[in-house]
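First up is the structure itself, then whatever we jot down about it.
By written order: A, B, C and D. Residues from 1 in each chain.
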Amino acid sequence: MNPKRVAIVGASGYSGEELVRLLLSHPGVQLAAVTSRQYAGQTLAQVFPKFAHHPRARKLCFSEPKAELLAQEAQVVFLALPHGVAAEFAVPLLQLGCRVIDLSADFRLKSPGVYKDFYAREHPAPALLAQAVYGLPEVYRDQIKSASLIACPGCYPTSILLPCIPLLRAGLVRPAGIIADSLSGVSGAGRKAEPDYLFVECNESVRPYGLPKHRHLAEVEQELSLAAGTQVTLQFTPHLVPVSRGILTTLYLAPNARFDRPGDLGEFGKKVAACYLAAYRDEPFVRVLEGQNLPDTKNVVGTNVLELAWRLDPRTGRLIVMSAEDNLLKGASGQAVQSLNLICDLPEITGLV
Amino acid sequence: MNPKRVAIVGASGYSGEELVRLLLSHPGVQLAAVTSRQYAGQTLAQVFPKFAHHPRARKLCFSEPKAELLAQEAQVVFLALPHGVAAEFAVPLLQLGCRVIDLSADFRLKSPGVYKDFYAREHPAPALLAQAVYGLPEVYRDQIKSASLIACPGCYPTSILLPCIPLLRAGLVRPAGIIADSLSGVSGAGRKAEPDYLFVECNESVRPYGLPKHRHLAEVEQELSLAAGTQVTLQFTPHLVPVSRGILTTLYLAPNARFDRPGDLGEFGKKVAACYLAAYRDEPFVRVLEGQNLPDTKNVVGTNVLELAWRLDPRTGRLIVMSAEDNLLKGASGQAVQSLNLICDLPEITGLV
Amino acid sequence: MNPKRVAIVGASGYSGEELVRLLLSHPGVQLAAVTSRQYAGQTLAQVFPKFAHHPRARKLCFSEPKAELLAQEAQVVFLALPHGVAAEFAVPLLQLGCRVIDLSADFRLKSPGVYKDFYAREHPAPALLAQAVYGLPEVYRDQIKSASLIACPGCYPTSILLPCIPLLRAGLVRPAGIIADSLSGVSGAGRKAEPDYLFVECNESVRPYGLPKHRHLAEVEQELSLAAGTQVTLQFTPHLVPVSRGILTTLYLAPNARFDRPGDLGEFGKKVAACYLAAYRDEPFVRVLEGQNLPDTKNVVGTNVLELAWRLDPRTGRLIVMSAEDNLLKGASGQAVQSLNLICDLPEITGLV
Amino acid sequence: MNPKRVAIVGASGYSGEELVRLLLSHPGVQLAAVTSRQYAGQTLAQVFPKFAHHPRARKLCFSEPKAELLAQEAQVVFLALPHGVAAEFAVPLLQLGCRVIDLSADFRLKSPGVYKDFYAREHPAPALLAQAVYGLPEVYRDQIKSASLIACPGCYPTSILLPCIPLLRAGLVRPAGIIADSLSGVSGAGRKAEPDYLFVECNESVRPYGLPKHRHLAEVEQELSLAAGTQVTLQFTPHLVPVSRGILTTLYLAPNARFDRPGDLGEFGKKVAACYLAAYRDEPFVRVLEGQNLPDTKNVVGTNVLELAWRLDPRTGRLIVMSAEDNLLKGASGQAVQSLNLICDLPEITGLV
């Protein structure tokens, strides 16, 4: 059987670069095309010397991003583009029969109205929203397998949704009053030459930003609401910390339980443990930590794993859940490859361990 | 008038080193003695080459820590020692007539029972608790001036108390359900040669630790309760981030108000602004940020300033307050020198700008 | 064919941990045993949660390090131990028929006298020195294939030898007066809980150390002398810089040529280019950069590649060669796996790309 | 006596910001004006919230940079501008009677021809070169005192010149074959929003750049040649390392001596020690380290001190000298304030300790 041919549109940002890395060594597909206006005509090896020891990187040239050519070269196309731009490529590619895995925010929301509210522009292709599948394999595995358009979740959303969805579905925590406090590495801002992201401005700096209405809120609330069966409004505070990669999210949740008698807390803890066990025991990329272990971004950076731990605070009765992931892998390109494996009928871990 | 003579017991840790730096160039006092079992007999310049260009550092030798000698050398003694050990020194020094500024946790709590609950040992000198003044000048300025024993607040507590106390005193926020999510630089752990604090373990690492019952909770809850006039139980999650210095705290507070009509939120915002203005307009070391500015540790590291900003979230009705400080200055040694200036009747900013 | 069974003695340091990572996912061998006094009885997943998503890591327990047991479990044994200790394990393992790949310095030198001079102790097993092969595949590929005892090069030596050996063999540079100025990440110091390697001591710090007689000099001079056909004495200055991984070495070399006429410099440059092309064109793990590119540790960290670039200075007539590698991979564990592949008759890149 | 009034032209870069910090708290002068096209009309406190606790920063507004206005406001004007632009301001300011302290490269070279060779443009004001004094107080103290135009040395040059000049003047080392290998923090590149200086590109990265003909070479060779009494050609390799501030330079020098007899090396070492003692014993900002201490940027960052240490290598006969400084203080703004103090007849350390 011939390996599926895949292409990347917009391979020059950090997510695109990670996609290149993953797909160059992916045993089940062939990286057939990469596009970049800026680098058209140069080989992957010339633009990214770090891939130069890979034979294919010395041959494959960046081409101009044109849908017709891409559709000839590849059966699956990844879009690693800014929101707004991604939708413009998705439309013709889908018409030409490609399956599209979009890493932007363009197809994550079901409602064009919410899109407009958070992204301050009309949705560029609202007709496609209904067919897009939210690319979180742990939640939408079956739909992804047959999807023609997959909207990969954002990095913050992944770090919030995987810890919360099982608890909300099981009714263990209240949908109201959830707080997500997130710490992100600087690659989350992309390869943008802006003063805020200069080394000297980020190094030895810890700072909140973008609160209280960050764009990622929209998709998180949509998915939490679906899990809870009721509208969820989230409090979300992102912070920038001086690491290149990684997101650490701390969630403050209210148990849907009363702790009146001595054993109640322990009882509830067992339910949380059982809930996570049922949800993630067989998931290759979610690791529920045991014992005294707490998440640490350095243990997941470079992998597609999200790790999480939880603590019940007997003094306040709150449930604290913490998660760590690599924002460019489980939070972006790794998760996109998980979806690729699903639509190619390959083992989900192919090329990711 | 002769400058007051001061001494530092335990000058080899990070707080002690910062105290040395501040006191060497303090124009109103003379650093008369420094003690360290480990370095006894060596000059300050030999132990810390970075101070070697200061003439006094080339002369002043570390001595063995003995209360009698210290009382002869100095009128004010700083204790930069682990908790438990500090109390052992405070007792004889006070008896010998010294004024003591303790940077440890030994005299921060009013209740020996709470001390035992959080520090897992009997308090070593409970009789002194009543006379100790909590060394937060913005709150206890008058009491500090005449205190013989000053218990300097911890680094996390300072970052939580200064933003919360004015709001609680004014009844603007509810005492229940407060959440403090803090990010600390690694110097907060002290100069301990433990694997957890090695460069390779901290660099490119973001991680929570010590939850849900961190020792600093005890003093924070004591002071918040005093401000609120009712018992406050705090949710507190400390995280370690890869910076040497700095604490960034994000506080989640529930306004003591209802936002039913369109203008209510704006109205409440004005009250918050007025409350902070009244509390901190004349404080040299608290900076309430204006406009779009948010706290950033890099803007306060190396200074004794705590900066804070707040946002009212119209979607959730919550008040978010963020603060940034240098954990070794406003969170430790700088704040201790503020107290020194108060008891010496010097301008409070002496040696701190 | 059954995959070769391999074991790691001393898997708890940074090199050992990298070996575990590489061997867990190596498609041609089975990690049959790991030993550690400290962790005996615990699984790999318990000690290193970051490997917990690998099925084998959840089953494989650390055992006590005993040669007889190891020889039953494994055909090839890696020693990731301090120098001196490694030799004690190598002797019985070789007698029991294992092939040994040693990452310590114990078998890198041909001369017990030089060992004593640089390591300040008698060599613990001088009889084995003659049979040990220096594990630099680009230089000793054939000898490694049949070796029973492989002495993997140190991290600094690899970064110096690969750039210099082809030039010395070709007589293009003078053996006298070579200077190597190296910058190392902190993992080079190992997982030692010493104050010098604490985050706060390394972060925002750049410093030389260990000059002028660093232990690695001995093996570098041995190998440079073999390449030059004459005794080489090296000037070597290591520096510690605040990165977790990576070594950048800048070499100052005197061309064995005179630049009297206008074209002489260009002529010599062509010889250097041809020399490197011949030496490394077919090497999978040495990348000679082209055009304006210069080595950057971030382009090699996480890979087994050493990259190098050179410049001829027309003002001074000197040849400057710069190399970058991951000290834990090409400088330690990755190079050790290269040797493993050679002795197992597997493609040299197996498990390394 | 009224304090001298000073102004800063171009106060928005990193050196300018440091100048603002130093001059706001300088007890002997008054910061009378700051200019910036970008920020004209805003207060210092608005542009740099970190200075907002300083009363003067809340009042002083950035103005448009106009020579006539500056000459009315200030007696001494600092130019913190790109090269080329600085000269355009210096000409009218000098004509209007101001004394000018220029932090750019415009007046560091004696020869307009060398300027053209290294900066690829005609010198914009060659007539001023003769009157400019190179602002290295340890070398040109007397000339600075009466200078109207002071050309502050670059950061790399300072780290090379202070270690080399006494040795060359004393004839202790040979002028030929000197090598300077320098490691710089990222602030050395200025506040330029270029991809190369983004956090993600610099963090976990160690890399050489700009060799073999860096612009700073011109002024270093000029000053080394003056010290040696003969033309000196330098080998210089700058590297970028992930710290915000600091330069560490390692110098390789050939002793002007023969080490034939056993005691020769020790004898020469005594001469080096005596040479440095004579040169720097009374210098407040040069620290020659003793014993086993080696320079470390973290011990000088935030200060105006350059520290240095030297080692004689008995194996190679070479003299290695290492220096560390804060590139923005002793390498730029601190050194400029040293010159300010000299021309204002203030103690040289005023405002710098």
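Annotations
Just so it is clear, contacts are C-beta pairs under 8 Å (C-beta built on N, C-alpha and C of every residue); 3 or more make two chains touch, one makes a residue touch a chain.
None of the values given here were measured: they were computed from a predicted structure.
Each step here moves to a touching chain, and the least such steps from chain B to chain D number 1. Between A-D and A-C, more contacting C-beta pairs join the chains of A-D. Seen from the C-alpha centroid of chain D, the farthest chain centroid is that of A.
The centroid of the Cα atoms in chain A and the matching centroid in chain D are 47 Å apart. Look at where the CA atoms of chain C average out and do the same for chain D: the two points lie 39 Å apart. One inter-chain figure worth recording: chain A and chain C are separated by 36 Å, centre to centre, where each centre is the mean of the chain's CA atoms. Each of residues 201, 204, 242-244, 298 in chain B touches at least two other chains. The residues of chain A lying in touch with chain B in their complex are 179, 181, 183, 185, 201, 204-209, 211-213, 233-235, 237, 239, 241-246, 248, 250, 252, 294-298, 301, 311, 313-316, 318, 320, 322, 324. Within the complex, the chain D residues that touch chain B are 25, 49-50, 52-54, 204, 284-285, 287, 289, 293, 298-300, 302-303, 305, 307, 353.
If you check the complex, the residues on chain D that touch chain A are 14, 186-187, 191-195, 197-204, 242-244.
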